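Letters A, B and C mark the chains as written, and numbering starts fresh at 1 in each.
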Amino acid sequence: MPKIIEKGSPAHRLWQVIGYGGIAVLIIWIATTQPDFRVQRFSAVAALAVAVLGLNLVIGYSGQISLGHSAFFGLGAYTSAILVSDYGWPFYATLPVSLLFGGVVGFIIGLPALRIRGLYLALVTLALAIAFPSIAKISQLSDLTGGANGKTVDSFRTWEAPGWLPFDVNSDGWRFLVVCITGAVLFLVASNVIRSRVGRALLALRDNETGAAVSGVYPAGWKTSAFAVSAGFAAVGGSLQVLAIPVVGPDTGGFVVAIELITGLVIGGIATISGAVLGGLAIVWLPELTKSWGGYLPLFSESDAPLLANAAYGILLIAVVFVMPGGVVWFIRFVRSKLVRFQPRLPAASSAPEDAPVPAVMAGTVPQAQGGETA
Amino acid sequence: MHLVLAFPGVNDGFFNTSFVLQLLANGFANGAIYALMALTVVIIYRTTGHLNFAQGEMATMGCFLVFAASVERGIPYWLAIPGVMVISLLFGAIIERGLVRPIERRSGLGVVILTLGLFLILNAFTAAIWGTESVTATKPFPSSPGDQFVILDGPPRFFVRYSTIGIWLVLGLVVLALWALLQRTKLGLAYRAVASNRESSLLVGIPVGRMLMLGWGLSAAIGTLAAVLTAQKAGTMDFNLMATVLLYGFAAAALGGFDSVKGAVVGGVIVGLAEALIPQFFSFIGTELSLVMALFVILIVLLVRPQGLFGTKRVERV
Amino acid sequence: MTLLQVSDLRASYGPVSVLHGLDFFVDAGEIVVLLGANGAGKTTTLRAVCQMDMVSVSGEVIFDRRSLVGLRPEAVVKLGIGHVPQGRGTFPELTVEENLTIGAYVRRDGKVGDDVDHWLEVFPRLGDRRAQTAGSLSGGEQQMLAVARALMCRPKLLLLDEPSLGLAPLIIQDLFRRFAQLNQELGTTMLIVEQNANLALSIADRAYVIETGEIVLSGGAAEVQSDDAVRRAYLGF
């Protein structure tokens, strides 16, 4: 029998503090104790999570397909890299630029996309992801982009943690913290947006476009804006990634990353906020896992590790679609709901039981004596 | 950064007849292959409204099976190719029945994800089984240096290889066979009926499920054929053989119209010619960017005229 | 003899239950009308009889002494049921001739071509347009095409789902006149689902009224036509 906890109650707050606090502690622990290469991995997780969050806005919440968000990711990475290493901008100043740039390009792509059906949008965005490396390598632009070799931003590696931190972290650790904090802010923003009228409008749009239009939610503006915002998110994710791992190249925005983002989204959970983090974890750690399996499986040799990772992504994608279409987060929530349920605070029940109809959502909480139907 | 104007970049050699003809011949040959891939896209799209993003990998795997049979074991091509095409047909049908059908009822996005997952799996498995190195390609047509018709002597020469003619012949045969099937047989009529109105097809007693399986199967078989020809043309093959070809196939299908067989052929030829000719006019477009060109074709067509040249209006968003 | 016997028919689309236990029958040679408002379950009833995929069906459906429940839609057609769906259901990209040809998909005899020619004669407007695509026909012509197509499989029972929908009054009159004619000349049994009650009742033998998934009235056509509740609800009185 699941335990019911009212949202906003002290018990709920405690639960939240433990949860988020635990994550904060975990992050600090990683930053302070883990070796550099692993810290970088986790940074990548956070950066990718932001990008996956952006992708989620488009696919999960506004119902459009984008197979090419990696292009925006790469765009953001290049923006920050170029501004910092060639023009000496401070990193934080590049974030709004990245967001804006991604948003504008996203708007440009998203606007005409209104005319075409979902599958075509998939094709166009896929085309975008495949085109990105080629565009980045254009010889005319190579002064700016570094051509096929990309760019490295050495100044990031000289970042030092500020003195007022109560604990000791090296450069990688400090940058990891910055990425996490920025990511957390973005997650908070996204979370609030989703719960607001905007989020509901998007969901209405996703599920029933005609119905939404009739209610005053006009598809064109909302969908394009959703696409633009999500592109902006992806771009910021790219900027964060280049901060953590100060290298950007043409493939940063290419097909492989596009697939990774989709995979992360699907595995983590479409239309969930926390799924983005899980998605990021999946993207980064799956190849690590499969590397160690390389020698054991009959067909794959040690050196085939990236292939095995791809195969694993593919199998996971198909498995999730069949078994867990809501992703891992859905599954976790499902399991959790057997133990604990969070209910919104409800108005006090009226004294005469016959007055108040029993809404289905209360099915688990109404005392049996009322004789209401259990849904 | 400075923009290069188009015309100063025109290749000087362009004004030589032989050179131009060679370009055209090459473009046509590539175009034939793109047309075949576009056909695979159209066949599935017409009845199901889906795009199979794994089509390229299925084709590559089929090509490697032919490789294993013919290059490695010496089975003659006229036996191996049809044999593997039958296997591909079955494989495509099974994929439709086993993976796509259960999902498509639930969600369209699910099918996209499914085919992406399939892409990854097949790509990895092809590489796992046959390695990541290039191998000598399957060559059903004779392809030693002398096997060609020299039409204009040089320099530069204009010659047409037997294999190029072979590719055109194959395209012609496939299109003819497909046309005959669709327009002249009961099965073909039933297939077109399913493409036109699925619910009414049920009411008329057509086994719709079997038609869908047939569609995927045919696509897979034609895909394998396209892959074998691609390999012949390229001379070597590896596990990424068809990745870009599929993209060109999508571009061709978009251009011609996603539900038009005629469009697939015309679209394929146009894309092939464009790929051959455009770099000549704009010399800053190297081979890298010809891929981007294909992608812009997709983009522009879908934005300006989503139904392509020959597709039906239904293809567009209402 | 009873051609179609339906008992306790329940049908749902996924979790949504639409039919809650219908009982009705159709005798050979009859025209039976099923009346009901939008959403009452008329189309669902026809789909349930035909065992179409989107509906889950339970109960008893006996056609020509064979049970239909659980059969594949193709099998139902083979047993001799033709279905003209709501909205015509023509194949817009196929020609008129092809529409008719495909209507006979389940037949294995060689006389399909003859039948095609026959129906093109019976409906001369279709004959004039035999090579045109069905999508280019007018509403009335498409309806005739749909009926002819359903007749191509020489069905014992013809199901018609709101054949008058979206058609001009004169066309509707002509249409129902033809239905009556077909019934008399070919002896084709018909189950017609309609909102436009008057005309349907005028050619029918018996009628049922269905409301929210249940049959609320049944009887001879004239009887139903003169029923007060029916007159108020469906006949506009």
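Just so it is clear, a contact is a pair of C-beta atoms (placed from the backbone, for glycine too) under 8 Å apart; a residue touches a chain by one contact, two chains touch by 3 or more.
What you see is a predicted model; the values in this text were computed from it and never measured.
Interchain contacts link the chains end to end along an open line, per the touch definition above. With every chain reduced to the mean of its CA atoms, the largest distance from chain C is reached by A. Here B-C and A-B are compared, and the pair linked by more C-beta contacts is A-B. The mean-CA centres of chain A and chain C are about 52 angstrom from one another, to the nearest whole unit. Per-chain CA centroids place chain B at a distance of 44 Å from chain C. The mean-CA centres of chain A and chain B are about 35 angstrom from one another, to the nearest whole unit. For chain C, the set of residues touching two or more other chains is empty.
For chain B in complex with chain C, the residues that touch the partner chain are 186, 189-190, 192-193, 195-197, 199-207, 312. Those residues of chain B whose C-beta lies close enough to touch chain A in the complex are 1-4, 49-51, 53, 99, 102-103, 106-110, 112-114, 116-125, 127-129, 132, 247, 250, 254, 284, 286, 288-289, 291-292, 294-296, 298-299, 302-303, 306, 315-317.
Residues 50, 52-53, 72-74, 77-78, 82-83, 85, 89-94, 98, 101-103, 105-106, 149-150, 153 of chain C touch chain B in their complex. By the touch rule above, chain A contacts chain B in their complex via residues 59, 65, 67, 112, 114-120, 122-124, 126-128, 130-131, 134-135, 137-141, 143-144, 259, 262, 266, 299-300, 304, 307-308, 310-311, 313-318, 320-322, 325.
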